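Across the two complexes that follow, chain A remains constant while its partner is chain B and subsequently chain C.
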Partner chain A sequence: MVRKLRLTVPAAFGYLMLAGFVGVSLLPFWVAIKTAITQPGDVFQTASSIAPGELTFGNFTRVLGLPSSVELTSVRASPINFALSLRNSLIYTALTVAGQLFFSSLAAYAFARLKFPGRNLMFYGFLASTMIPAIVLFIPNFILIKDLGLINTFAGMVAPTVLMTPFAVFFMRQFFLSAPRELDEAAKLEGASAFQIFWRIALPIQAGPMATLAILLSINSWNEFFWPFLVGRGEDVRVMAVALSDFMSQTSQRTPDWSGLMAALTLSILPVIALLFVFGRQIVESLQSSGMK
Partner chain B sequence: MTDRHRSPLSGTSRTASGTSRAARKWREALTGYAFVAPAFVGFAVFYLLPTVRAMQISLTDWNLLRAPRFVGLANFERLLHDDKFWHSCEVTLAYVLYNIPLQTALGLALAVLSDRLARSVILRALIISPYLISNVVSGLIWLFMLDPLLGLTNAWLVAVGLPHQPFLASPDQAIISVAGISIWRHTGLTALLFYAGLQSIPKHLYEAARLEGAGEWLMFRRITLPLLRPVMAFVLVTTIIGSFQVFDVIAVTTSGGPADASRVILWFIYENAFQFNKMGYASAVSILLFLVLILITLVQMRLLRADQSDLD
Partner chain C sequence: MSFLKIENVVKRFGALPVIKGVSLSAEKGEFVVFVGPSGCGKSTLLRLIAGLEDVDEGTLTIDGEEVTHAEPARRHVSMVFQSYALYPHMTVYQNIAFGLEIARQPKPEIDRRVQEAARILQIEALLQRKPRQLSGGQRQRVAIGRAIVRNPKIFLFDEPLSNLDAELRAQMRVELARLHKNLGATIVYVTHDQIEAMTLADRIVVVRAGVVEQIGSPADLYDRPANMFVAGFIGSPKMNLFQANVTAVNAGTITVASAVFPTGKWEIAGPFLRMPEVGSTLTLGLRPEALTIGGGEPIAAFSVDLTENLGGSTQIYGRAKDGTNLTVLAHQRTELSSGDRLEVSLGTGLLHVFDGDGLALRV
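After this line comes the complex of A and B, so read on.
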C-alpha cells in the first residue's frame, strides 16, 4: 500500500515546486497571448507587465490581411499575409500526415505480418536511418529537389516525408505485431486479397493507434521548420513557422512589430492547443511510452 | 467485410487449395514487397541514397554552378585548420553542457514530484505543452521575453533587486540563453519519460525499504536512480543527439550572433551550404558530425549499459 500522504513540510515544498514548474511552462503562452491582444502602441508600456494593455483583436485581423481597426490608428500593415501561410501549413500537414499514415502502416503491416526474404534487413535499415542527422540528408535532398525543379512547390516540400518516416513505421508495427491474427486467417480462407485483409480488417482494428499517430504526426508536421525553410520560401507555399521567421527578419530590428508577431504566433499554436485540450490523454500517454521499448 | 463472406469461390481460392506450400510462400513474399514498396522508395531516395551522396559530395569542391570537382580528403584537411569550424564546435559543446545536465536534473525532479504528489494526466498535459509548440515559436516568444529593453524577464530581475541582463543580445550570454529556451521547451518531455520509467519500478521495493526505516533521499538514491538507468540512457542518448543539432531557435533569435557567439555546428553547415554554396565543405562537416554522434552514442550505451536492467 502506498502510504497516505499528509501535508508535511517537504510535501508542501514539493507542491510549491510543481506549481512553479507549471507556472514557468505556461507563462510564455500567456505573454504571447496578452501581447497579441494589446494595441501595438501599448506594447512598449505593457511589455514588462503580466496584464495586457488596451484590448483589441485588431492584430489578428491585421496579420490575416483583413481590414483592421488597428491599422487605422497605428504603425503599419503586416508585411506577410498569415492567412495564406495558415492555408499552406494546413496543406503541408494534411499531405504529409495522410501519406505517412497510409504508406507507413502498409509497410508496418508487411514487416509485422508477412514473411519475405530481406524483411529484417530492410526493417533494420529503417531503424538505423533514425541515427542519420537531418542535415546530412538535407544537402543532397535539397540538390535533388532543386534539380527536379521542385523548389517552392508542395511536392518538393512533402517529398522526403510523404512516403514514410521511420517513426511512423515503428509505431504501427508494434500494434500490428500484437493484434490477433484469427480474423486475417478467416478472411484469407474466404478468398479476400491481401490488400483487402489489410484495408478492411487489420487497419480498422488499429483505429485507436492510427488516431494517436495522426495526432503526433500532425503536430510534428505543423511545427516543421528546417526543411520547409530550405525549399519552401515562396509566398504561395510558405508555412507558418517559416513565415514567422521571415516576419521577424522583415520588421525593423529597432522596433519589431511584437503585437503583430505574437498575434500570428498565437494563431499558429491554437490548433496544437486545441489538440492538447481534446486529446490530452492520448498525447501524454503516447509520448510517455515512446521511451519504453 | 460482410460481402466478403458471400463472395462466390473465385480464382483465388481455387489456386490456394491447389498449389504447393512453396507457391503460397512466394505469393506472400510478393505481397510483402508490394506493401513495403512505397515506403522503401521513400527510404531509398530520401535516406539511403542521400547518405551515400553526402559522402561523395564531401570529397568534392562544388558550388552547384559548375560540375563537382573531386578533391579527395581536402575538405577534411581544411577543417582541421579552420578556426571558425573549431569555434562552432566549442559553442556547440558549451550549449550541450549548459542544456543537458540541467534539463535532465529538472526533468527527473519534476517526474519524481508528480509521481509522489500529483499523478493527474492534466498536470502532465500542462507540463509537456511547451514541447508541443515549435522551436521557432518558443524562440520568438522568449526573444520577446528576454528583450534587453522591454522584456518581462528583465523587469522582474530588476524588481527583485538583481542587475539588468542583456541575454541573447550579448556574446557572453547568447548561448546560455538559447540553452535556457531549450530547457524550457524540453524539460516536460524529459520528465514525462522519467515518469513512465518510475511507473515500472515495483512498489514493494519502496515498502520494504520503508519498513527498514529508509528515508526519501536514500530510497531515491538506492532504488529509483539505479532502476531508472535504461530510461536515463534513452533520455541522455536522444537529448544529446538532439542538442548537437540545435538550429531552429538560433535561426529565429540570434542567427549565429552576436559576434559568432551562437554559431553552432549546424549554423556553420547551413551557412556554408546554403549561403556560400560550398556544398562539398558543408557535407564534409555534416559527415564528421554524423561520425561523432555515432561515437558518442556507442560510448554512452556502453557506459550506461543501456541494454540491461537491474530488475531481473
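After this line comes the complex of A and C, so read on.
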C-alpha cells in the first residue's frame, strides 16, 4: 500500500522554514567552494553571483604545492606547507583528544561514582568555570606557557586543554551516571580496585559515547584557531587553521589571496565533513541522551 | 559459633533508619531466606552483609572474623544481583573469569575453574557468547557461575528469579536447591516471593520495616506464626483473620464469640502463652487450606460470593453474617453458586489466636 503524503499548510510552512535554514547554513560553504574553483583574477567580478566564473582546480593544486599550476595564476605559490600543517593539525588534534578522553573520563567517573567530601561542590564549581569567557584565560595562560618556555611547542599548544574540559567531563559523567551501578558493585565484590572498575568495566561499556566525544573533540581541536595562533606560529607546529590565516596577506599587493584561502579552507574541512557524514547520527543520539543539547 | 552473625545492626539513610537493630545468624551450609514486603529493608540487609552499604551500628562476623567495616572483597562473599549485572562487553568466559583475574590466579587455574563452573551449570556451549546473546535463564546461570567460581564463604542472592517468567522461575528454583545441596554452600537469599522462601529455605527470616518479625523453618512459620503479620504474609491464599470477643476463660480453655461461628461461639483449647481477659478482643486465624467443606463440627458459616476453579482445587470466596470475608481452598471441584450457604470445619491445622497487639497467644 502506498501512503499518500499529506502536505498541510502548516507543514508546508515548516518545510519551507527548514529549507530556508538549510540554505542560510550552507551558503557560506558554497561561497567558499565557489571562490575556490574560480580563477584568482575573476574573484571580484563574480562576487555578486551565486555561480562561479570560469571553472578551475588550479587553486587546489596550487595550495597543495603541485608545480604545474603555479604559473597559471598571478599570485605566488601557496604560503603554507600543506603537508606539514596537516601533520601538525593531526598531532595537535590527536594529543588533545587522547588526553581529554582519558583524563575527562577519569574525572567524570569520579564525579559520577566515587564518594568523597565536597564532590558535588567541586563538580558544580567545575561546571561554573565554563562561564568564564575563554578570552579572559588566554592572557594568564599565555604568560604561563611563555615563562615555561613552551612557545612554539606542541606541549604549550595542548597544555590548557589536554587534561580536561568541563564539556568533556560533563558529557561523560552523564553516561557514567546512567550505567547500572550493579556492574561496579559486582566488580567491587570480586576484588577490583576503583581504577580497575573504571578501566575494565565502566569505560569499555561507554565505548559509544567515548567515540562520539572523540569526534566532537576532534572537530573542535581541528578548528581551534586562537590559542594555537598565540603560542604556535612556528612552521614546525603551525596547525591548519593558523596556516590558513597566512593567505590573508599573500598577494604581491599584500592583499588576501581569496581563491587560495578558500581552496585550502575547503581541503581543511574535508576531514571534519567526512567525520560528520559517517558518525553524524551517533553524535546526535549521544548528545540527546546526555541531555546536553 | 555461627558462620554468619549479625548483631544489633542499624542502618540509616540520612536520618531515616531502614534497619533497626537486626540480629540473626546462619550456620555453615545453611540456606537462609530473607522475606518481606517491598521496601522492608531485606535487600539493604543483604547489601550490608556484602559490604556495599556501611553499617552504622552493630557488628557483622563471617567465619569468626569481624568484617563490620571490611572492604567487600575481604569478606569473601559472592552476590547474584536481580539484574544479573553481567559485564556486557565481556564474553561469558570473561565474565566468569574476571574475579579470578583480579585475584591474579594463574591462567591454567582460571581456565580449570571456569570450565568446572560451566560444567556444573551446563553453560559450556555459551562460554564465547556475549550476555546480550543469552536468554534470561542463561544469564541467570552465568551470574551464578560468576559467583561459584570464586569459591566464596557465603553466596548472597538478591531476588535472583524475579526477572524470569513463571515457568523458568520454577525450574531455576529447583536448580538452586540442587546447587545448594551439591555445593553445600552457605546461602543468604532475598525474595518477596513466599513460594521461593518456603521451598528453598532451611530457615526464613521475615522482615518488616527494618525489623525481624520472626526467624524459623518454613514449617515453623507456617504452623506457628509469631504474630499476625507473619500469619498473613506466609501462606497462599492468605490466612483468614477475623475478630472475636472473649466471653469466658476457664482452666486451659477460652470461649470466644463471633458471627463467623455457626453457633455464634467457639471454645478454644490451650495451651496458651498468656490467658486473655474476659471481654478482650482477639484476632483469630484460619488457613484457607485447613478448612474442609462438611466433615466435623462446623467452625464457620458463610454465603458464597465467588468460586475460582483451579483445576484440581477450588478457591471459594464468601462472606459471614457480619460481613467478614472468608476464603476456603477446597481440594476438589465444587459446584457452588453465588449466594449458596456453606459450612466448613477445621480439618487439619490450628485455629490461630492473636491478642490485641497482634502477637500469637497459642503455640
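Throughout what follows, the second predicted complex is superposed on the first by the 227 of 293 C-alpha atoms of A that agree within 3 Å, B and C clash if a C-alpha of one lies under 4 Å from a C-alpha of the other, contacts with A are read in each partner's own complex, and residues count from 1 in each chain.
The rule is simple: contacts are C-beta pairs under 8 Å (C-beta built on N, C-alpha and C of every residue); 3 or more make two chains touch, one makes a residue touch a chain.
Predicted model, so just to flag it, every value in this text is computed and none were measured.
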Which of chain B and chain C A:Asn59 touches, first, second, both or neither: neither
Contacts of A:Ala187 with chain B and chain C, given as first, second, both or neither: both
Which superposed partner A:Trp258 touches (first chain B, second chain C, both, neither): first
Touched partner set for A:Val22, first chain B, second chain C, both or neither: first
Which partner reaches more residues of chain A (counting touched residues only), chain B or chain C: B
Partner chain(s) touched by A:Thr38 [first = chain B, second = chain C, both, neither]: neither
Partner chain in contact with A:Ile201 - chain B first, chain C second, else both or neither: both
Contacts of A:Ser221 with chain B and chain C, given as first, second, both or neither: neither
Shared chain A contacts, counted only where both chain B and chain C touch the same residue: 187-192, 196, 200-201
Contacting residues of chain A [partner chain C, same complex]: 180, 182-183, 185-192, 196, 200-201, 204-205, 207
Chain C to chain A touching residues, read off their complex: 50-52, 72-73, 77-79, 81, 83, 85, 87-89, 98-99, 102-103, 146, 150
Parts of chain B lying in touch with chain A, wherever the complex brings them together: 1, 4-5, 7, 9-10, 12-13, 16, 25, 28-36, 38-43, 45-51, 53-54, 57, 64, 106, 109-110, 113-114, 116-118, 121-138, 140-145, 147, 150-152, 154-156, 184, 187-189, 192-193, 195-197, 200, 203, 207, 210, 216, 231, 234-235, 241, 244-245, 247-248, 251-252, 266, 269-270, 273-274, 279, 282-283, 286-287, 289-290, 293-294, 297
Residue ranges of chain A touching chain B (in the complex, touch as defined): 1-3, 5, 10-11, 14-15, 17-18, 21-22, 24-26, 28-29, 31-32, 35, 43-44, 47-50, 103-104, 106-107, 109-111, 114-117, 119, 122, 125-126, 129, 131-144, 146, 159-164, 169, 187-194, 196, 198, 200-201, 219, 222-226, 229-230, 241, 244-245, 248, 258, 261-262, 265, 268-269, 272-273, 275-276, 280-281, 283-285, 287-292
